[in-house]
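Some structures are shown below for you to check.
One chain, chain A, links the two complexes that follow: it is found with chain B in the first and with chain C in the second.
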Partner chain A sequence: MMRRLISWMLYYKGFIIAALLAIIIISLYVSSELAMRRETVVVQTGPLRFLSLAWQEEAVEAVREITGQWNAQHPEQQVEYIQGTWNSIHDYLITGFETGDIPDIFHYESAIIVDFALRGYLADLSPYITDEMQADVLEVDWSSVTRPSGEVIGIPFINESFIVLYNQDLFEKEGIAVPSFEEPWTWADLQEAAQKLTKDLDNDGTVDQWGVAMGLRNSANIIMNHSIAFGGSFFYQNEQGMIETRVGAPEKELLSVILDMLYQEKTMSPSCIGKSSTEMLPGFLSGKYAMVVAIGTWARQQVQENAPADLRWSVMPPMKAKTQAMGLNTQTLSIPKSCTRQAVAMEFISYLLSSENMTRLAGSDWMMPTRKSSLNDPRFQTEANGWQVVTKSAQYLSTGPWVGLPGYIEWKSRVANPIFQELFAGRLNLEEAAIRIEKESNSVLARYQVRGLKW
Partner chain B sequence: MSIQTTLTPRSRNRNMDQLQLLLPIMVPVLLISFIPLVRGIYIGFTDYELGGQISFSGLENYRIMLHDRFFWRSMGVGFLWTAVVTALQIGLGMILALLLNQGLRWTSLYSVLMLVPWAMPPIVRGLMWRQIYSPDTGALNLILTQMGLIDAPINWLTSFEWAIPAIIVAGVWGEIPKAALFFLAGLKTIPGSLYEAAELDGASTFSQFRHITLPMMKPIMAAVVSLSFMWNFNAFGLIWILTQGGPGGLTRLPMLAAYEEAFRYGYVGYAAAIGNVMVIIISLFLFFYLRVQLKERTE
Partner chain C sequence: MQISNILSSRSLKRRITRFLMHGLILTFLVYLLFPLIWMISTSFKPTAEIYSGIPSLIPKVFTGEHYLTVFQEKRLLMSIANSLYVGVITSIIVVLISLPAAYALSRYKTAVNKLVMGWILTSQIFPAILIMIPLFLVLRSLHLTDTLSGLVLVYVVWDIPFVLWMLQGYVKEIPIELEEAAAIDGANQTQIIYKIIMPLLLPAIGAAVLFAFISAWNEFFFALVLLKSPDLTTLPVELARYTGIEGQARTGPLAAASFIATIPSIILFAILRKWFSSGALQGAVKG
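And now, the complex of A and B:
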C-alpha cells in the first residue's frame, strides 16, 4: 500500500510540485491583497503631481510656464507637470483611483467628475476656497461642481459652451441680416436663412452649398444643452421621488427642427449624421457649409489657423427658443480624496487659477474663463475672432437638471447617443425614438437608484 | 496508462530534469498570467463596482445578463462577426495558399508581402482602414465616385447599412495571412505522388482538390478555425479604432461591451462576468468542433 502511494507520488511529482508552488503563490497573493485592504495612510512626500489636459500648443506652454513660476517661488513644495490626453484620461484616472496611485491634482470636466464624486473618489474643496475666488467665479460655474451639501468637487476654470459659426460673405451675398444680441434669431429664423443659403451652384442637380452643418455623431450633449432653451429637461421627478425620463413636447422641439432641416427642407448636409462637429470644419472653411451650429468655442482657433485668407467668418449670439439659455460644461481641477496634502495642492490650484493666470489659460485655449474679472480682460472683449460675442454669451449659460444625476454618463452613451443616431439616420421616427428613450432610460437609471446613490 | 509501463527510471529522471528547467519560466507565468486570470474569473462572481467594496455575489451577474438587452445584442453581432470573418478568412486564405503553392516565380516575395497585414498591430490596421473609409479624404469613396458607382461619398463607419460590412472587410484583410500561412505549410506536406497517382487515374483538378487536398488539410483547417474563432470572438483593437461600437451600438462586439461596462460605467464585476461567459462559449465551441473533427479523422 505504502509502496504504491510512494510510487504514485514519484510518478506525479511534477504535478505535485507545480500544485504546491501554485498554492504558495496564491496564498502569498491573497495575503497581500488582504493587507492592501487595510486602510494604510502613507505620508506622501516629494513634488505634487499635476496632470494637465491642455493640448493646444499655446495652452500647454501657458500651463507649463505658470507651473514653473510656482516652482521658482515655492522651493519647499515643488509641482511636477504631467501631460495627459483627452483620449486616455478616463481609463488612466479610473485605474489610478482603484490602485491609489493617482496624481494629486488633475484636470478634467464637470460632467464626468460628478460620476467620480458619486463613487467617493474626490476631496471636498470647499474649505480651501478663498472668498476672492468664491465671489469672482460665475455662479453658474459653481453650480456645475457643487453638491447639494455644499461640497465642491472641483474648481471650474474654463467654460465649454457652444457657438454658431457663420460665413459672412455668403450671408451678405444672400442679403441675410446677421442676428444681434438685441435681436437674436429663433430656430425658425435659422431654418429660413438656411433655405436661402442652400444652393446648387453649378446646376448639376446636387446641392454643393449647404445652409447648416451640425455634428450629429454623438449628439446627446448638443441636444440636451440646447433643449434647455425650449424648456426641455428630459429628467423629471415622479410622485415617488424617483427620477423619470420623459420626452415630451419641449424635448422634441429641437429634434424636430433638426429632422426638418435634414429631411424636409434639406438644408442640412446628410453627411452631418455620422460626423462630429470638428469634422464639419473643413467644409466650413471651403465654403461648403454656410453655418456650423453647436460647435465648441475652441473651434475658432482651428478656423483662424486654417482659414484661407479671404474667408470672413464670425460668431452668432445664442439662438432663442423660449429663452436663450444654453447648458454648459466646465473644465475643472480636482484633488483625489486619497491625497494627503490637499491644502497645499489647493494652494497650487489657487495660484494656477488666479485671475491673471486664468485669463491666460482660457485665452490660450480659446475658451471662456470662469472668473468675472478674467472675462472683463480686454483680450476677451475684442471683436476679433468672435471673442466679444462669446464673452457676452456667458450671461445665458445655465446647467441642466441632469447635473449630478447618478447614471447620467451611462445614459448618455448607452441610450441617448445611439437612439439619436438612429433617429437622425431615418431609422426611427420622432415618436418611436421618444418611446425608446423613455423605456431604455428607466432600466439604466434604475440600477443607480436601487443603489441609492445621491448627489 | 500504457505510457507508464514503458517508463524506465531513467526517463522519469529526465522528466524531472525537464521540470526543473521549466520552473524559472513557470514562476513568471503563474505570477503574470495565471493569478490575474484566476482573479479575473473570481471578480466575475462579485458585485465589484468602481469605488465600491468587492463582495461575493454568486450568480447574480449572470442572472442580470439573462435579461440584459445590450448584452444579447452584442453577443449577436459578436457571433455574426466571428462566423463571417472566420469563414471568409479560411476560404480566401485557402485560395491564396493554393496560388502560392503553384510554384510561380517570386513565390517567396509574395509570401513576404502576404504577411504584411498580419505583421501590423490591429490598432495600426484600424487607423489605416479608417483612412480608407474616411468620407472626405478616403480612397474608397474617391475610387467609387470616380468610377461613377456612387453619387455622394458614403460615411462607411457610421452608416447603419455599411458599418458591419466595413469592419468585416477590414477584419478579414488582416486575418487572411494567418490562414494562408498555415495552409501553405500544410500543402507542402502533401506528397506529390498522391496527385501523380490521381492524375494517372484521370481525376480532374477539382476532384484532386476535393479528394486529396481537402482531406489532407483537415487537421490544419481544424487548428486554423479554432484559433481564428477565438481570436475573432475576442477582437477589440481594430473595432475600437474603427467604430467604437457605433453607430447606435451596432458594432459593439462582446469585448467592447465588457470594456465599456468596466471602464465607462464602472461595473467591473459584471464586465468580468461577460468575460467568463465568453470563455465558456469559446470552450464549448472548441469542444464540439474539435470532437467532430477528430472523430472524422479516426473513422
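And now, the complex of A and C:
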C-alpha cells in the first residue's frame, strides 16, 4: 500500500510540486491579506518610539539632544529615538503598518505619506494641533498635508525646495549680472548666460566648462515642481470627474528648454542625463559647471563643507516663467492610526517642532523651516551660504496639483522617470514622450481610481 | 629537426595560452578588487578631496578623520558585535543541521528524496519581501521579533536549503567504501558521520560556514524589519545610515565603516583557507 502510494507520488511529482507551490503562494497571500485587514490592537506601554530620518551629523545631534531634553522634562513619558534611513524607510513602514508594529511617531515626506493616508494608516492630527502652531506654519505647507475633509496627516517641519547654485567668479569673468528678486531671470536668460559660460578652455575641440548642470537621472520631481511656473499641471480632471494626464504646451515648455540646452545649444553636459543632483556637486566645486540648476537647498552644506577655499559661490532667486511658483515637498512627522497614545505622541511632536527647535532642525539640515517665526530667525536672514535667498524664496512655494493624487508615487517611478530618461537621452522626441506619458499614466491612474481611493 | 620545431611550437602555444590565462585572471582580479581598493582609498581621503571631482587612487593627503568619526559614534562597534554574534551562531547552527541532513539525503535512497530536494530548490525562489509579513507575524507570536535570536532563526531557515544542497553534492563524492571499512572496524553511524565524513568534508564545510556567515553578515532587509531596538542594529542597517536623501552620503565615514565591515569576512576567509585545500581524499581508497 505504502509502496503504491510512493510510486504514485513519484509518478505525479511534477503535479505535486506545482500543487504545493500553489498552496504556499495562496497561503502567503491569504495570510498577508488577513494581516492587512486585521485590526491589530496592541496595548502600548513603555517609551514612545520615534523614528527619525535625520542623517547629517549635525541634524542627528540636534534631534537626539531635543529628544533627550524632552525625556529629562517628561520622566513619565519617555521617547526612544530610532534612526531610520531614507533608502529603506518605505519598506520599513509598509511592513510596519501591515504587521501592526510601527513606531509611534515617524519622519517622512508629504508626497509619500499621502499614499499611507489613502490606505487609512495615519491618525488625524487636526484635533491636537495648537492654535499657535496652526497660525505659525506656512499655509502652503498645511495644504500639502491636509485632506479636503480637514484631516491633517502629518506636521510639516522642513521644506524641500530647489535652488540654483552659481559660481560667482565665472559670472564676473563673463560680465554676467546676477539676477535679483526684483529682476529675476527667465529661463531664456539662463540659456543665454549658459551659452556665455560654456567654454573650450584649451581649444582642443571639447568643452571644459559647461554653463549649466542638472541632475536628470530621476527628473520627474524636478520637472513637475518647476513646470508649475509655466502653468504645467500634468494632471487634469475630465468631464467624468476622473483625473487624467495631459502633456500640452505648458507641460512641454520646460522639457523643451532642457532639450535645447542639451542638444541645440550644447550648454548642458550630456553626462547630466545619467546623474543625480548630488553627483553634479564635484563638477561645480571644480569649476566644470558654472551653474547647477534645480538642486535641493541641502546641497549648500555639501558645497560649504567641501568647496576649495577660493571658490566663491552663491544662490540665485527662483527662475521666472509665467510666474516664479515652485512646487514643494515637505518633510513631516506623522502618527499611525494604530498608536494608542496619539495625544502624548502629538505633545512630543509639538515640543520637537517648537519655533526654537524647528529653527535648529531646519538649520542643521540646511533646509527651510515651515514656521514663519523660524524663517524670521537671524540664522536664516544672513547672506552667507545663500540663506537669505532661500528664505525669501519661501513666498513662491506652491502645492502641486498632484498632492493627494492616488497613484502619484507609482506614476512618478514607473511612468514619468523612465520616459523623461528616454526623452533626455534622445531615444524619444518630445511628441513621442508626451503621447507615451499620457497613455501609460492614464492606465496607472485609472487602476487607483477604480479602487475608489479618494484624497 | 621537425620534432624540435613541433615541440617548440607546442611550447610557444602553451606559453601564449598561459600568458592569456594569467592576463584574464589578472583582469578579473582587478575588476574584483578595484571597488575595494577605491573604498579604502576614499576612507583615507579628506572630505574636500573626495568631492574635488578629480579622481585619484592614492590620496594626496592621508587622514584618519573618518575612522575617528565612525568610532566616536560608538554605534558602529555595537553593530559589528551584533553582526558577529548573528553571523557566527547562524553559521554554526546551519552546518550542524545541514551536515547530517545532507548525509541522510545522499546515502539513504528513499522515495521522498527527490521530493525533498525539489522542495529545497522551490524554497529558494521566494523573495524576502514576499514572506516578510507572514514571517513577522509568526515570529511575533513566538515573541522573537526585536531579538537577535529571532534573526538567527530566520537566517538559519533561509540558509539551510542552499547549504544542504551544496553539502549533499559533496557527500555523494565520498566513496561508500570508506564508510564500509569504518563500519567493519566497529564505528557506529554517528562516529562515521563525525569522524570519517566530516573531516573529508572540511572544504565543503568551510564553504558552507563562509556562505552562512557572509549571507548573515551582509543581510539587510530582515534585520531592518525584525529588529527595532537601536541597540540590536546589525552592521548593514547601520551602514545605511550614512546615506541620506536623494543619493547624498557621508562618503568618507561610509567608506571607513564599510572597510571595517569587510575585515571580519577577510579574517574568516583567512582562517578557513586551509580547509579549502583539495586532495583530502587522495589515497583514501586503493585498488
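The criterion applied here is as follows: the second predicted complex is superposed on the first by the 415 of 455 C-alpha atoms of A that agree within 3 Å, B and C clash if a C-alpha of one lies under 4 Å from a C-alpha of the other, contacts with A are read in each partner's own complex, and residues count from 1 in each chain.
Note that in this section a residue touches a chain if its C-beta (ideal position, glycine included) is under 8 Å from a C-beta of that chain, and two chains touch if they have at least 3 such contacts.
For clarity, every value in this text was computed on a predicted model and none was experimentally measured.
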First (chain B), second (chain C), both or neither touched by A:409: first
Partner chain(s) touched by A:425 [first = chain B, second = chain C, both, neither]: first
Touching partner for A:201 - first (chain B), second (chain C), both, neither: neither
Which of chain B and chain C A:274 touches, first, second, both or neither: first
Contacts of A:72 with chain B and chain C, given as first, second, both or neither: neither
Which of chain B and chain C A:91 touches, first, second, both or neither: both
Dominant contact partner of chain A by residue count, chain C or chain B: C
Overlapping contact positions on chain A, where the chain C interface meets the chain B interface: 10, 13, 17, 21, 91, 98, 279, 282
Complex interface listing, chain C residues touching chain A: 47-48, 50-54, 69, 111-112, 114-115, 118-119, 122, 126, 129-134, 136-137, 140, 145, 220-221, 224-225, 228, 230, 237, 240-248, 250
Chain A residues touching chain B - in the complex, by the definition given at the top: 10-11, 13-14, 17-18, 21-22, 25-26, 29, 90-91, 94, 97-98, 115-116, 118-121, 206, 217, 270-271, 273-275, 279, 282, 409-410, 413-414, 417-419, 421-422, 425, 427
In the complex, chain A residues that touch chain C: 6-7, 9-10, 13, 16-17, 20-21, 24, 28, 31-32, 35-36, 49, 53, 55-57, 80-83, 85-88, 91-92, 95-96, 98-99, 101, 103, 160, 276-279, 281-283, 285-286, 288, 296, 298, 302, 305-308
Residues of chain B that touch chain A when the two form their complex: 4, 7, 12, 15-16, 19, 23, 26-27, 30-31, 34-35, 38, 49-52, 70, 135-136, 151-153, 155, 157-160, 246-249, 260, 263-266
